[in-house]
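For clarity, chains are labelled A, B, C and D in written order, and residue numbers in each chain start from 1.
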Amino acid sequence: MIPQSFEYHAPRTVAEASSLLARLGSDGKILAGGHSLVPMMKLRLAAPKHIVDIGRIAELAHIREEDGTIQIGALATHFNIESSPLLKDRCPLLVETAREIGDVQVRNRGTIGGSLAHADPAADWPAAILALGGEILAVSARGERRIPARDFFLDVMTSALEFDEILTAIRVPALPARGGDAYLKLHHPASGFAVVGVAARVLLNAQGAVQEAAVGITGVAPKAYRATGVEAALRGKSPSARHIEAAASHAADGIEVNSDLYASADYRRHLAAIYTRRALERAAERAAAS
Amino acid sequence: MKIKVKVNGAWREDEVEPRLLLVHYLRDVAGLTGTHIGCETSICGACTVLVNGEAVKSCTLFAVQADGAEILTIEGLAPDGQLHPLQQGFWEEHGLQCGFCTPGMILASYQLLKRNPHPSPEEIRQGLEGNLCRCTGYQHIVKAVEWAAARMSS
Amino acid sequence: MATPLLGQRVKRKEDPRLIQGRGHYVDDIQLPGMLHMAFTRSLHAHARIGSIRVAAAKAAPGVVAVYTGQDIQGQLGWVPCAAGIEGLKVPRHSCLAIDKVCYVGEPVAAVVAASGYAARDAADLIEVDYEPLPAVVNPEKALAKESPVIHEELGDNVAFVAKLAGGDCASLEADKTLKVIKARFINQRLAPVSMETRGVVANYSPGEDLLTVWSSTQVPHILKTQLAIMNSLDEARCRVIAPEVGGGFGSKLNVYGEEGMACLASRRLGRPVKWIEGRRENLQATIHGRDQINELEVYVRPDGKVVGLKCSIIADLGAYHQLLTPAIPTLTALMILGCYNIPNVFVQTTGVFTNKMATDAYRGAGRPEATYIIERVMDLVAHELNMDPVDVRMKNFPSPDDFPLALPTGVTYDTANYQRSLKKVLKAAGYSRLRKEQERLRKKGKYLGIGLSTYVEICAMGPSSRMPAGGWEFGEVRIDPTGKVTVLSGTSPHGQGEETSFAQIVADGLGIPYDDVTVYHGDTFQVPMGIGTFGSRTTAVGGTAIYQAMGRLKKKMARIAAHQLGVKPGELVFRDRRIETEDGQKSIGFAEVVAEAIFAKQLPPGIDPGLHEHSVFEPSNYTFPFGAHVAVVEVDGETGEIRLRNYYAVDDCGRVLNPMLVDGQIHGGVAQAVGQALWEELVYDENGQLITGSLMDYAVPKAHQFCWFETQNTETRTPVNPLGVKGVGEAGTIGATPAVVNAVVDALKPFGVRHIDMPLKPEKIWRILKQGVRN
Amino acid sequence: MKLDGSYTIPAPREVVWQQLMNPETLAKSLPGCERMQPNPDGSYQAELKVGIGAVKGSYQARIEILNPVSPERYRMKVEGKGAGGFVNGEGLLTLTENGSAQTLITYSGEAQVGGVVASVGQRLLQAAARQIVSQFFQAFAKQVQAVAFPPPSTDPLIPSSPR
């Protein structure tokens, strides 16, 4: 319950923060909402020497749309996203995902940037950002780079960010016409983390067949992943229950599946298929209704 | 580090260690022991307070992060001795037994009613998913929040 | 005339301070010069302790003292066990481990420092060299010859074997007309998880030679005696105060090593010392509950009448005995027959040491296990004989006229009408309609389950002859010169609301306003003697003591009033702040009588001044509340997820003093019971690491996981106490677990399932579903 | 906790064996190894900084190689002690030839974790352990490559010949 001592820095700009991080090297650790890091510090699993609190960098808290692309600043809280009228209209998957995270207090304070950077294999955002084919903006003293979501998650709690990089924003495409999406999750009864969480986006063509399906899955593997087998199996098909079920059966193909006290690898594999089917069904219904 | 916060309407300045958790600041530095600590993993919600109008788990925030913020704790809910409708509702409907989770539960409910003044029982239960109570089985808490919602809208 | 308060929904006296955050729990106590204590705990389940390096901790900023087991040997008594069982082996249990650790989380060293932060920092600097030993965490393996022995000096891991026999089970084996049903149930290990963890402040004043201890406890008087013994102090030199206590559920019915250590540190340092338990410590080192393996043989006549029950209980006691550890499973044996007068019974209870935290009293304490066994058995009987579970129960209930009913287990049930509560709950649930719905849904491949539990529990503990250290309770009522009333109780409620119900008793009895009564408890300097709050005893035993004390006081007041009014004391009644004749013709104000009693101007001869009377109530028997519950669940046929859809409860706790409080107790109890059925489980890995060590893994139920509980009561008063109160604190927890499990097993009936062990995690259900529908 | 898996090293078995027995290579391959020294009893003492994301811990580890059967198999025993916890592991490593240029290392063992990580980390433990093992083999493969196929020139301007 009591963290170890550290030095605290509260930069006001991204530039200030990145030069601090460059100087501190691996001794520095970014604090955003703190809802991944602080719990670990209280357990003394993490004991950074320097905390760089980016929570006061005003430019990182925004949600806006530019030319069909939604950009969300790293400091947007889960609640900001859950309650955003813009996102409700233009990217409802994010709203639906945000609602499933933690609890009210966690959503008030936890940020999308912090959650993604933490890369917990059972966090909700990775599934959604993967399904949306988003990209992640990272800034360091060396400049800015854009990391496609599918290259971002490397392993358990390991992302593509370098220690001196600040995740500044997430960019995802808005929901196009004839598109629908959904996020479905089995909550762990204690932690609320995803035992399995599936984000799906379905785009239908003018004939009502699946032009493109995208599925991001969290909770199942050491890192969130795109279920490419599912996507390929559904492409070009009508979104019938039969097609969706057949496609969803590929949800964990070729994936090294996690096993823990609550759910064995077998069971998770099964859940991945069921939740993928249900998420696709809902996304397809919404796409058809749009 | 020096921080300045407005707690229950009054500004105060204190010198704190960066690692001091907000809940310890409130309890040990500001002397407001109505905010409780029930777990170490940001699950139980006993430490819930409002920071700039939003319910947060004060065990998951460093006091330095709250520098400049306005904080409302249970002690600030009835400043003139007049119980807040939620406090009254918890009393009327037996929404508490041992009382340990109650301050956090009331402040989480405060947030809930601010965002949704007429919640259904299901919405109340969802709105309180970040607060554990081991005594009541939650049913009387749901009734307490309904009581307050009715009182506040009348 | 004012309506009587008893039986009314009266708002709680406790609440105004608690809803404003103005109550004071242990951690809220600040004393000048107070120091803080933190523990270094064992990382190993079983290991010898080599050297302990404390120099770095001693040198750390703010550190005042560091203690190890060697330092306290001979300075502090053993952690006590009060259970008396014939042949019980009691291992020595030091407040800090001396040469060996026997479970993960066992305290090894203590640091005292200027702040909690400094104490934690320093405790982490202590280095302990362990020589790991093989650990045993499974009680059946612990019984095997080749098992590591946890306490070598005790020879093996068997703490005790107790046998309970009634009737003649052996004769049943020869009767070939009987069906024999066998079963094996595992009652998993649970954590009580009171929202307030444990905590203690010990303050020794060398000048007064007085040790004052604030502890989050359910039993301040027991704690006072035990801490005095451990610290070699006269009890007069030891004061224990239970301030606001944030829940206990049995976990604070104990005396813990940390409490001893806080006292020792304060005695040595002459300053107040505070220790507040963290949640991970709470899960590792506060007592656990349940953890039994039950092997059963049930003998049944073809018509569903159960005539014999044999049960082996293997009780996992953990590594050491806490206060009542070995006594808990013996309560399971005592109550194993439930609501059924089964003539032949044999129970063998084996208490086993393992490398885990001690089990002890967790809400229900032995009785939930008994109810679970017998209520699962009734459903198994229904399953095997293809009967409705309702019919099996009705067939085996004793008639209401059979009470008091002596059972072959040696207990005598006071009063009951099991048929009435079952019928009432079936009506509330719409049982036959539910069965039809179930049928319909099954045809569609949907799985609805309906589960029953008809329970009886033993509470109002209890007759002193059958309790480890007295089962009586103390109550005192005194009236101050202003006419306001102070009530003292030896019980120590911590959420149950007896400040309210005791005030109801006294206000009604004295005919004065509820607001004129103040109830105190929990301070051993204020309340001279007491036992505490546990075993659903507070109102039934503690309330009766107050009721009796009040009776004595009324007698005295009536004599004074009668003297002044010129009537006989027996003609007077107390109502509306007056003491008067029944017809109201002769009347005197309550305050006048109080003034007369205290200022003693014209007291009748033979009456001493003052108005304070106490009483110690010794119950002649336990009480036996009962009830019937119905759970309705839906099972997701694809994922195995379970949703509790409806819950109906009819409980009979004797006379209801405050229906609001009774409801609250039932709701909370049911919630904990559903938690056991569906989610909660403490898991140790095979090396003895507790891997559900935080609330991230140990699933304390949340609001949205429950449905609405529909509760009702029947009232069958007990003759055991004059209030007719039976007790309700544990009823929900005792009744509800089997209802939920029975419901889930019922839902999966098409899959040929007989039994599923708790918690009913979705994966277990999925594995059953995967095998497909049988027949 | 059971740990098993396999890893293919693109080098002949003899070379892989030699490198597995080479403390210098091991030191360079063990994740976060800051120091490694031989003990008088033939075991090694290492200081490891193990980290998964923000979770970082320093461990004092004793590494022992038991029953080596060159170049086929050996048992490895690791006992690590750090602030707030410990990690002990023992397992069998088997080397099989996969053609002449590749070696399959199969490992199978048990790890025991104690302390904070054990009490709060069960959800992530298996995956984290796999990550650490895989970090080791990746680093080891690089080391073996460097030894088995040293670049023909140290001049960085001349690329090594592709194989």
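Following the convention adopted for this analysis, a contact is a pair of C-beta atoms (placed from the backbone, for glycine too) under 8 Å apart; a residue touches a chain by one contact, two chains touch by 3 or more.
These figures come from a predicted structure and were not determined experimentally.
In terms of C-beta pairs in contact, A-D outnumbers the other of A-D and C-D. Averaging Cα coordinates per chain places chain A and chain D 32 Å apart. Work out the mean CA point of chain C and of chain D, and you get 51 Å between them. For this pair, chain A with chain B, the centres built from the Cα atoms lie 29 Å apart. Computed from the mean C-alpha positions, the centre of chain A lies at a distance of 44 Å from the centre of chain C. In chain A, the residues that touch at least two other chains are 1-2, 4-5, 43-44, 188, 190-191, 261-262. Within chain B, residues 17, 19, 37, 40-41, 43, 129, 131 each touch two or more of the remaining chains. For chain D, residues that reach two or more other chains under the stated contact definition are 83-84, 116, 120, 122-123.
Pairwise, the chains that make contact are A-B, A-C, A-D, B-C, C-D. Residues 11-12, 14-16, 18-25, 27-28, 30, 116-117, 193-197, 244-247, 249, 276, 278-280, 494-497, 660-661, 663-664, 666-672, 694-696, 700, 702-704, 706, 708-709, 732 of chain C are the ones that touch chain B when the two sit in their complex.
Per the touch definition, chain A reaches chain D in the complex via residues 29, 36-37, 40, 43-48, 118-122, 155-158, 188, 191, 193, 221-222, 256, 258-262.
In the complex of the two chains, the chain C residues touching chain D come out as 43-44, 104, 124, 132, 280, 283-284, 685, 687, 689-694, 696-697. Touching chain C in their complex are the following residues of chain D: 1, 83-86, 88, 112-116, 118-120, 122-123.
Note for the complex: chain B touches chain C at residues 17, 19-20, 24, 27, 31-41, 43-44, 46, 73-75, 77-78, 83, 87, 90-92, 94, 96-103, 106, 121-122, 124-126, 128-129, 131-142.
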